[in-house]
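Two complexes are shown next, each including subunit A; its partner changes from subunit B in the first to subunit C in the second.
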Partner chain A sequence: MVETSAIPVRNPASSSRTIDGQAVIAISEMAQIHILNDVGTRVWNLIDGTRTVSEITALVQRQLTEEGYEGVSAGVAADIEEFFEAMAAKGMVTLGEGSQ
Partner chain B sequence: MAVTSYQEFVTKAFIESRPLSAQWELTFKCNHLCGFCYNAPNGQREMTTDEIKRGLDKIADFGVLYLTMTGGEPMVRPDFWEICKYARHLGFALRLYTNGYLVDEERARKLKEIHTFEVEISIHGARPESHDKLTGIRGSFDRVISALENLQKYRIKTNLKCPITHLNQGELWGIWDIATKYGASISFDPVITPRDDGDKSPLEMAATKDFLVRFFSDEFKELRYGRDVTKRDDSVVRANCGTGRTSFTIDPYGNIFPCVQWRRKWANIKDVENLAELWKGSEVLKHVRWAAEQIPQTTLKESEAGAFCTFCPGVAELQTGSPFKMYPQAAIVSEAKLQAYNAKGPHENEKGGGIDCIGV
Partner chain C sequence: MEDKGECGLGGIAVTSPLYTDLRKRPRSAGRDRESALRQAPWNGTLGLAISGVRLDIHGLPLALERTLSKRFHLFVSPTLAGAEADLSVRVRPAVVKGYLEYDKSQSRSYRLETRTSGERLHVWSYAFAGWFEIDGKEGEVSLCDSDVEPPERSIENFLRVVFAWKASVRGGFLFHASGLVRHGKAYLFFGPSGSGKTTVTRLSANDLLLNDDCIHITRRNGEFRANGVPFKGRDEGGAENAGDFPIAGLFRLVQSRRVCFEPLSTAAAVSEIVASIPFMSERKEGLERNLAVAEDLSRAVPVGRLQFRLAPDFWNIIEESLRG
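Now for the complex of A and B:
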């Protein structure tokens, strides 16, 4: 279970670009390549080493709402938490302790 | 179209001519004297550190993910680390193509420190006598082994590249064993190319046809990672190769080419303002993409062996004057593949092998 106050930090061995709304992420130490979907890409691009999981989730929800995807926005929080868990398990991010 | 796998992602990039990778020849200077090297320095001034950094800014803005530092030998540049660190700062997945001579423990540690995505090293023999003969530098084999030890120690993904020549064709299993021992992957390249200035002397090093037929038979299947010889499948991407589509090459003077082999200049990184606009509108690139689409329907249809051909329009143009004209090495290798293919008997329900030179 991901703490929503945790601050995700990208693996420093990662390189990424967003192409057509999809992030492609290469991680050198594991020679892994990941392709993210739309919401995953939004999450990845909001990880800056200062925002918490809950702040990133709120920003993604706001983006989706502003773009007219209210239905998606409402249910996305649990998916994002799960996504952070999966990214941490794969070594794409570390989840540092937040100050809240 | 959303993609879910890396293969789909690369195919989409290919179809849409979206460059994912770039090769940057940082210098033509080299500490080796390989007789089959394709580089042809022309004495111009090579780019300065600042010029390279400005160029890197441009290709990062353009969306390129993979950046291969190559040469010459890129590590001989005194500003090599400054350039690599800057490239990582811009978010490139950094690849290094080197002869390995300078990869001592300290440099391997630094490569790890900057999170180098992978290192490719040329190897030309399984023994010092054969490798050093081809590089022209005594002790170069031992330095490759030392580089492999150092890269393995720091767990950096390493690929060995071996151009097959008639001098090393009897040592491929020994080279394979070296790769296995140090946890590296290896690719054997059966085609030797002319120099970029058209000098064909490197071709004298080519492997014999008899050997190439054996190389594509089951006898060497393990060295091809279990891959069978299959016919090309041009049904998805409908082009001969990735030239002008998925990658491009920059030489030490800043000239930009569709790929490492096809040296038709389409811009200079020092002058270009909007790389994306030029990538779309360049007449040179439009022509090479068109040519790459024509080749499977023309050149490769002229013989039965064409179905097995890894054809390079850049080499063809350099060697014959036309990007569509079959050149001897491609013909010999595809004939060898055809012979090996036929020797295996009927091929039912075969899945096509795609194309070899996608450029990513």
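Now for the complex of A and C:
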């Protein structure tokens, strides 16, 4: 379970490029490439080493609401937490301790 | 490319391994051969020019120089002496019998290791170890007198890694693909080992073969072009022409019972292309360059998955899809 106060940090060996709204992420040394969908890309692009999981989640929810996706926005928090867990398991991010 | 599962949000749609090894079983050099490395002096020189990338090799035993000149004949550059090469490689005799251990029982694929140290990339395998400056112009390779791999193969495998990096520095890349020229245009077929790259070339005997394993992609006056390289997937699979050709399309091979072409989104195409660029996963800046050039390429030419069976009828689908 991801702590919502955790601060995600991108793997420093990752290189990414957003192409038509999809992030393509290559990680040197791990020899892997990932493609993210629209929401995954929003999350990835908000990871700056200072924002917490809950702050990123709130920002994504606000973006979705502003763009008229209220229905999606309401249920996305749990998905984003699960997504962070998956990214951490794949070595795409580390989840550092944030202040409570 | 295999999809390896998705996670939350369907966020990770594709996970693919980057191409990391040569996947070619080393061939015994034979115990009764006369070693090219035992013949002094080591003062032969060979120049190679591969679509603008110039490699200069010094200190070759003369017998090996002759073998390599024949092997790479389309790319030998008689005018290289005195010119500015992208890399000048010094060849030396190794002081050990071998580097990586060759285990016959487990070696279904060729083992090759790389590691960066400062500005140098170190490369080693069964019978050679070397380094080169990624952004500089110097390199060195030591050759073992080995029963596992003949020295011309060792040189070729070292140069394959060198070339991948030098091509990238120049804005192109080495692509793990086979290539055929039909009506003046290059058709490139890619995918992991076993996907059918060589099979497609065998099913197209009347077309000009660029290479059955590696293609050099460059950009000239804004147009992406493909040319063969001297590095081979098999002895008879090398380039039949050293020229470059405009690219008609890139086809990710999937063996199937039916034949069809499915265009890829730009992001998916970039992912598939970058996964087929060998030896470049060591450094972040190399990957960044590859992502950028792969995006430009994907926007410039059609890229898709080609399901094909063991018959040349895939050409009808390709021609139809490119017309459409």
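Going forward, the second predicted complex is superposed on the first by the 100 of 100 C-alpha atoms of A that agree within 3 Å, B and C clash if a C-alpha of one lies under 4 Å from a C-alpha of the other, contacts with A are read in each partner's own complex, and residues count from 1 in each chain.
The rule we apply is simple: contacts are C-beta pairs under 8 Å (C-beta built on N, C-alpha and C of every residue); 3 or more make two chains touch, one makes a residue touch a chain.
Model, not experiment: these values are computed from the prediction.
Peer 1: Once both complexes are superposed via subunit A, do subunit B and subunit C end up clashing or fitting?
Peer 2: They clash.
Peer 1: Check whether subunit B or subunit C contacts more residues of subunit A in the superposed model.
Peer 2: After superposing on chain A, more of subunit A is contacted by C.
Peer 1: A:Leu59 in the overlay: touching subunit B, subunit C, both, or neither? Say first, second, both or neither.
Peer 2: neither
Peer 1: Which partner does A:Ile19 reach: the first (subunit B), the second (subunit C), both, or neither?
Peer 2: both
Peer 1: After superposition on the shared chain, which partner residues are touched by A:Ile33: those of subunit B (first), subunit C (second), both, or neither?
Peer 2: both
Peer 1: Which partner does A:Ala77 reach: the first (subunit B), the second (subunit C), both, or neither?
Peer 2: In the superposition, A:Ala77 contacts neither subunit B nor subunit C.
Peer 1: First (subunit B), second (subunit C), both or neither: which does A:Ala86 touch?
Peer 2: Once the two structures are laid over each other on A, A:Ala86 reaches subunit C alone.
Peer 1: Applying the touch criterion given at the start, work out whether A:Val43 contacts subunit B, subunit C, both or neither, answering first, second, both or neither.
Peer 2: After superposition on chain A, A:Val43 lies in contact with subunit C alone.
Peer 1: Identify the residues of subunit A that lie in both the subunit B contact region and the subunit C contact region.
Peer 2: In the superposed arrangement, which is not itself an observed complex, subunit A uses residues 12-17, 19-20, 22, 24, 26, 28-29, 31, 33, 35, 37 for both subunit B and subunit C.
Peer 1: Over in the complex, which subunit A residues touch subunit B? Could you list them?
Peer 2: So the residues of subunit A in touch with subunit B come to 12-17, 19-20, 22, 24, 26, 28-29, 31, 33, 35, 37-38.
Peer 1: Report the residues of subunit A in contact with subunit C in the complex, numbered from low to high.
Peer 2: Touch list, subunit A to subunit C: 12-17, 19-20, 22, 24, 26, 28-37, 39-40, 43, 76, 79-87, 90.
Peer 1: Can you list the subunit C residues touching subunit A in their complex?
Peer 2: Going by the criterion above, the answer is residues 7-18, 20, 265-268, 270-271, 274-275, 281-284, 286-288, 290-292, 295.
Peer 1: Can you list the residues on subunit B that touch subunit A in the complex?
Peer 2: Against subunit A, the touching part of subunit B is residues 2-6, 8-9, 12-13, 18, 20, 63-66, 88, 91-94, 115-118, 155-157.
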